[in-house]
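These are the structures in question, set out in turn.
What follows is a pair of complexes built around chain A, which joins chain B in one and chain C in the other.
Entry: the complex of A and B
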């Protein structure tokens, strides 16, 4: 049986040589042992650099945003150029949501779904190794053996995967043009709501702790495929809706606003938390919002092309218990 | 020049004493992020912090002036506090000396900004820098490419070398020398054995760094590369966030904003800004001379390795590796430098 990566390379090679796509967006090995990095491939000779493993932390769908595509010397999809994009199930949902929101045309994209069993949480790895630098690693039998300058230590794989991956409800893409690997079994069925049952004080403590770490670099916003506003509300200065300094109330407002702006559109991929250089983790809030959306509107972003997102429409049956 | 040593077990007491006269900052880890703080548990084995110590002298948010009912005050400028930083790494200490020149603090140095930034200068004057050299540089450290090293002395008042049970202490500046002479740091004279040991530790540390890439001609190489298509290759994956700039010890761009409460009072603040943001060069007309990540990445590299050299005589990078570690898409500035060195000059660019 062919390895996942070989299957992926074969698929990519075929798409390029048969001229079904002009560009493949995927992952290649990064400059550090536990990092991968996005790669843009136009020539068949570069296909061998494609990888796929638990270091593939970016949501590549972000590169399909109009503004990002327009920026590249490569022409954007509206003019010409078909794009093949490698997508974990969550990334695939983001692509579907972008199509539903008319940001991307389905006929311009070849969605190469790929089986994913979870992405590494680098903070968990670092905590497990007491902050020591990793020079090498080996995955075997549900354990990852990490090696550094003067240490060797195994960590259980299940202990170092991202929380959002461990509680993933949709590990298989519903919409795709190709699928690499085998469908995943044993997915969770209940949304894990970490904020449930916390007292108001406990919730405040959580928000205060996380938001105090923020340095307003906007890595979270820029990594998110669904944050594509041409002018972000936080950047507007005339009028200026909120401050740009690290004043707590301004930073808090930015994050709440971003969470609410992505309500009903967030696919819970965790790219935002992994992008953050200071480990701000507001995923529990994002997940709670999506839980509300599911309960109220029966909607989960990115599962189907044939929907109207709940925040873009209304229905007479929508619950109104909070105003009536 | 005498060399001293201080026992590690006496350090806590020494730092506690120091707080009587100075605001003392030490490297502290909190929730996975290491930064310089005034309280916490000092760790000697940690690498350079995640957040750069530039934020002690150049805070991310700083009030330049405040006003209330017609009265203007500038508390930041008037402050007479003395600051001591214990546990800086040589890369960050070097960043202080680079930014000193940028902020106009070193008028006698050949290339120094004319404009004096009194906010920086005020805090930096009389600040005491205790640098701990790096026995175990990280794989992302490349200080040795940039005339730095794990025991480099630039920007340092007192250089400490971790010698096992104690730290070797050497003064690298007049302030450092004064401090040892007068302030009663519980040091003893270092023996020949201590010095020899430290020397072999340093040699070992220096040898673990990857072989430096020769960048003596990098500035000139960049002079000829403005229109070269290499910038597309370099910038394609950049998300245009500010992770690299904000965590960089030598980045210093800032925006100025006014924040007011009604008409009677308010403050003028400066906040960190980044050339990587698309908004950085957006003009009032709506035109943006740096419309894509290509132009912005070019700007970042040119600033650090070309303009800084032209304006201040040295590369504006200390090789600390924070940008490599923090970039969400793993842009590696060392790869960029190598790409630039290897780029084939097109006929039109040849001069």
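Entry: the complex of A and C
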């Protein structure tokens, strides 16, 4: 881990000193243990604050959305300049998708690909420690030793990683300019749909239970690298498509609509799930669509730069067995 | 006199109650029809005096590509028991390719709705051309039949 971070800092420093980029977007240590926060580095002296480990949960591609690019304006210039961005596999896929959708130009972005072995699911950690406060932690031999005020407890790393990370299809960045660490072989080829075996009624019950937890804070939308509409349909008031209450069908309509809007674009990074304060499990919806898109249109989002997203094109021979 | 009046009231109340559940219940189905084909197909069915169930309420749209999945979700939310979307056969779109794009949207929408547990018969899609009055009647008959079998929509209906 240490050597990975050193390599990362070296690479970032080099990019900044050679003036290849004006800004580096990466992670630094957060205020609490197990928390990291995105950071924006313009000067060489700040490079040392960069980190990369299993706490780096945000999808940094979010900061390349048009509305946010405006905030990165380089001093004394008109635009955001060149940006170097630290990209684990799912960030890289989201960035590729943003480039494909012409939200950002490839020549403005330097992708620093990084080897990622999974991101922590803080809910699982908290459950494993019965909600006790963590003061310190140490990673050793596939175990994480957590320390608090009056306890010490090891948890197996594989038990506390995010579900989406455990079923990650492409653990290596699809596109990058430089790569940090060792590429991870053994990519899985099958999309895992954990609700597949259930009956429609059981699935309905599952979603009823999950979606009822939603408080409509829109953290999922804000964390999503591909939710970049200037005005979200859910915020519109004329016409008002969505009720503003947390009534179940209003909430569910919002989530289904968001999933349909990101159909064929969602890279399955799980940023929405990690951002959720009430831990709504949105993954099955996204996974189902991802699977369907792959089967029907043979497309996986964010893998290559010269493609047209599936919902923006068509094939005359698309299957239509469901149409009378 | 008074007993008679009471009886009348009683049956009235019973009738009212049964509309929501049993034999007297009639589904409300919304049909989005493309102006250039299915809408004309419905018209042809009408002028040809072909009988079909009166359960559909038609909304004319310029193209099946105009259908936003939100329309369908919104209909289910507002208490329609079924939704039918009908457009031009592939290759016959007035706008060249609107129905091809629509087909992709519908495929994903239908899969997702079935996945979350909405009965497959509730939301249906068809291609009906302007000359297929007969087919239009058959499609409506099938949709009405399917929805009648499913009963009133309960899932997804807005409760407040």
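As a working rule, the second predicted complex is superposed on the first by the 312 of 324 C-alpha atoms of A that agree within 3 Å, B and C clash if a C-alpha of one lies under 4 Å from a C-alpha of the other, contacts with A are read in each partner's own complex, and residues count from 1 in each chain.
As a convention for this text, contacts are C-beta pairs under 8 Å (C-beta built on N, C-alpha and C of every residue); 3 or more make two chains touch, one makes a residue touch a chain.
Only a predicted model underlies this, so the values are computations on that prediction, with no experimental measurement involved.
Visitor: Once the shared chain is lined up, is A:235 touching chain B (first), chain C (second), both, or neither of them?
Guide: After superposing on A, A:235 lies in contact with chain B but is clear of chain C.
Visitor: Mind working out whether A:262 is in touch with chain B, chain C, both or neither, as first, second, both or neither?
Guide: A:262: touches no partner chain.
Visitor: Contact-wise, after the overlay, does A:110 reach chain B, chain C, both or neither (first, second, both, neither)?
Guide: In the superposition, A:110 contacts neither chain B nor chain C.
Visitor: Classify the contacts of A:123 with the two partner chains as first (chain B alone), second (chain C alone), both, or neither.
Guide: First partner only, chain B.
Visitor: With the two structures laid over each other on chain A, which partner does A:251 touch: chain B (first), chain C (second), both, or neither?
Guide: A:251 contacts neither chain B nor chain C.
Visitor: So, does A:170 touch the first partner chain B, the second partner chain C, both, or neither?
Guide: neither
Visitor: Touch test for A:320: chain B only (first), chain C only (second), both, or neither?
Guide: second
Visitor: With both complexes superposed on chain A, which partner does A:217 reach: first (chain B), second (chain C), both or neither?
Guide: first
Visitor: Given the touch rule stated above, what does A:149 touch, chain B (first), chain C (second), both, or neither?
Guide: It touches chain B, and chain C stays clear.
Visitor: Jot down the residues of chain A that show up as touching in both complexes, chain B in one and chain C in the other.
Guide: Residues 243, 245, 247, which sit in both footprints.
Visitor: Which part of chain B faces chain A closely enough to touch in the complex?
Guide: 29, 31-33, 46-47, 50-51, 60-61, 136, 138-140, 229, 232, 236-237, 239-243, 246-247, 255, 257, 259, 269, 271, 274, 277, 279, 291-294, 324-326, 328-332, 334-335
Visitor: Report the residues of chain A in contact with chain B in the complex, numbered from low to high.
Guide: 30-32, 35-40, 58, 62-63, 70-73, 123, 126-127, 131, 133, 135, 149, 209, 213, 215-219, 221-223, 235, 243-247, 274-279
Visitor: Within their complex, state which residues of chain A touch chain C.
Guide: 195, 200-201, 203-205, 207, 233, 241, 243, 245, 247-250, 252-253, 256-257, 259-260, 263-264, 284-285, 288-289, 292-293, 296-297, 310-311, 314-316, 318-320, 322-324
Visitor: Help me check something: in the complex, which residues belonging to chain C touch chain A?
Guide: The touching residues are 69-70, 73-74, 77, 90-91, 97, 100-101, 103-112, 114-117, 119, 124-127, 139, 142, 155-160.
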